[in-house]
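What follows is chain A paired twice: with chain B in the first complex and chain C in the second.
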Partner chain A sequence: MVSVSAEHIFSVFNMPVTNSMLTAWMVVILLSVVSYFATRKMKIVPTGMQNFFEMAIEELFKIVESVFGNREQTLKYFPFAVTFFFFILTANWMGLLPGFGSIGFYEEGVFVPIFRSATADLNTTLAFAMISVIMIQVAGIMALGVRKYGKKFINFSSPLNFLVGLLELMSEFAKIISFSFRLFGSVFAGEVLLVVISGLVPYIVPLPFLGLELFIGAIQAFVFMLLTVAFIKIATTEMAH
Partner chain B sequence: MELKFIGIGLAIGLAAIGAGLGIGKIVAQTIESTGRNPEAQGKLFSMMILGVAFTEALAIFALVLSFMMISK
Partner chain C sequence: MDVLQNFGVEWPFFIAQLVNFAILFLVLKRFLYKPILDMLEKRRIEIEEGLANARKMAEDAKKFDAEHALLMQKAKKESGEITANAVLAGEKIRDSILKDATQKAKDVLASAEVLIEDEKKKMLLEVKGEVLTLATAIVEKILNEKMDSAHDKKFIEGLMEEK
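Take a look at the complex of A and B:
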């Protein structure tokens, strides 16, 4: 059985390093290297890697632009949102590589894998959710100003508006929970599913489930990006009434 | 001990029923709208994914809870 929390594997200057942290750093290094090589020799008419990434970015840009409805805001927030997409996508897919969860060592009779999918750890997804929700508030304040944006949450104009404001305030915290648990839940459940299926029938049968996990990994990355964008859009839009 | 497992099964099972009905409804309506107005497909798709994400989140909360219950 896969443990719910990430396992501690070694310490650097008394700072514990867990296996999902290690994988998160691998994702960071991989993305940095890939983006360096993809943009090293930029050409007007792109070929090879530059061509592929331009196509991917362009398609995502179209989707984000259709949510924002204007180009100015899209250019402002697109890099932030799409970074989430690429990071989560790479982390999710990396967790499906052979060796993840199976290479490890025994510590006091308990198996500890060296690699664990970065997003199959609540700490990672909670960090993403916090970054996303804080950025949503910053975007709202930048677009409307502290006074106008704060009015959404603390409003003394009438008892009803005050209650609505409290609900809005609570929904901001609910966003953190729903962002983090959605991503963690689906990736972790996928990992448990694969372990259970491989335990029942080790050959051939797990293949379609691996395909399903590839699909879910992509969808979850897409959903995280799209929700961040949609919430930024809501936060930067002035209240109608 | 056995009662615990019944609780876990109920938690995720009931959540799956609700989320399944909800997602089914969302997707069915999206397909119907696409049939009526095929040009709107791109816009409908991202809206559908948003709706599905919100609905699915409820089932995933129950799933995470049941994992936590099982490992206790």
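Take a look at the complex of A and C:
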């Protein structure tokens, strides 16, 4: 049975560590090392990893720029948004590697896997959602100022505007929930699906589902990045009256 | 909050993931986004400069071509003028040489004629003298035998005067 929450596997200085936290660290270390080596010797004519990452960054930059519509804002928020993409993509795909969810030990008769995809833990997705939503508010305040940005939510100019403001305020909290549960839900559901299919027919048949999960993993990472960018764009744009 | 607990949300893990994201953000910004965006920008500038240089070079080449053509035209014109002048000068020189030569030839011819006239006169004079002595000798030879010398003398002198 797959547990909805991440399992404790060991403790460091009395701090419990969960299997999804372990993989989150692995993702951070992997991406750090790869990016360090990819850009260690930058050449004007790129080769190998530098070439690959240049292409990826350039394409992502173009997409983010197409949402913002200007280069200045893109340069400002691009690193932030794309970090979501790389983190989530790597975590999602790492969760599909053999051994994830299958290597583990029994504790009091319950199977505890050592590795669990970092995004299949609500702690991770909720943290990402909080970061994204807080950043959206910060971007809005930086672009418009506290008064103007606050007017979107608290507006006494008319009863209708007051109600609209309340709805806007609620929608900001709804963003946290939709961001976190969308990602958590799709990744967790994918894992459950793979476990069920593998349990029914262990050979060949799970392969198309693995492919599907690769696709969903990429889509979810992309969606998270693009939604963050779109919300920042909306928050930094002055309301038309 | 019960819902969150059911999903295993615990603040230490939540905060740990916040920290993870912050670390990854800083690392990627330093080692991935900045160098690559800088490089893309650098390459863009370099390509733009290269294109501008190429355009400038093409323009320069065009300008040089035009200048070259102009220069060639000028040189052609100048060389034509020089040739024309030379031909003119040559003709002048030829004319003057021809004139001189004609004059000289005329002079030579004139002096030669004078010389020939003189010679002719001289020769005529000489021939006259010769003929006279020869005639005298012949006449003497003939008359010596038939006439006496006194008669002769008168006759001869008479002949001589007649002449």
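Criterion: the second predicted complex is superposed on the first by the 241 of 241 C-alpha atoms of A that agree within 3 Å, B and C clash if a C-alpha of one lies under 4 Å from a C-alpha of the other, contacts with A are read in each partner's own complex, and residues count from 1 in each chain.
Definition applied: a contact is a pair of C-beta atoms (placed from the backbone, for glycine too) under 8 Å apart; a residue touches a chain by one contact, two chains touch by 3 or more.
Since we're looking at a predicted model, the values are computed, not measured.
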* To do: Assess the superposed three-chain arrangement around chain A: do chain B and chain C clash, or do they fit?
  => fit
* Scan A:Ile63 for contacts with chain B and chain C and give back first, second, both or neither. => first
* Asked: Can A:Val4 be said to touch chain B (first), chain C (second), both, or neither?
  -> both
* State whether A:Leu226 touches chain B only (first), chain C only (second), both chains, or neither. => first
* To do: For A:Tyr36, decide between first (touching chain B), second (touching chain C), both and neither.
  => second
* Once the shared chain is lined up, is A:Leu193 touching chain B (first), chain C (second), both, or neither of them? -> neither
* After lining up the shared chain so the two structures overlap, which partner does A:Thr83 touch, if you call chain B first and chain C second: first, second, both or neither? -> second
* First (chain B), second (chain C), both or neither touched by A:Met26 -> neither
* If you count the residues of chain A that each partner touches, which comes out higher, chain B or chain C? -> C
* A:Leu210 contacts which: chain B (first), chain C (second), both, neither? -> neither
* Structure fact -> In whole Å, chain B and chain C in the superposition are separated at their closest C-alpha atoms by 8
* Structure fact -> Intersected contact list for chain A, partners chain B and chain C 3-4, 184
* **chain A residues touching chain B - in the complex, by the definition given at the top** => 1, 3-4, 62-63, 66-67, 178, 181-182, 184-186, 188-189, 192, 219, 222-223, 226-227, 230
* Structure fact -> In their shared complex, chain A is touched by residues of chain C numbered 4, 6-10, 12-18, 20-21, 23-25, 27-29, 31-33, 35-37, 39-40, 42-43, 46
* Structure fact -> Given the complex, residues on chain B that touch chain A span 42-43, 46, 49-50, 53-54, 56-57, 60-61, 63-64, 67-68, 71
* Structure fact -> Given the complex, residues on chain A that touch chain C span 3-6, 15-16, 18, 20-21, 24-25, 27-28, 31-32, 35-36, 38-39, 42, 44, 46, 50, 53-54, 57-58, 61, 75, 78-80, 82-83, 86-87, 118, 121-124, 126-128, 130-131, 184
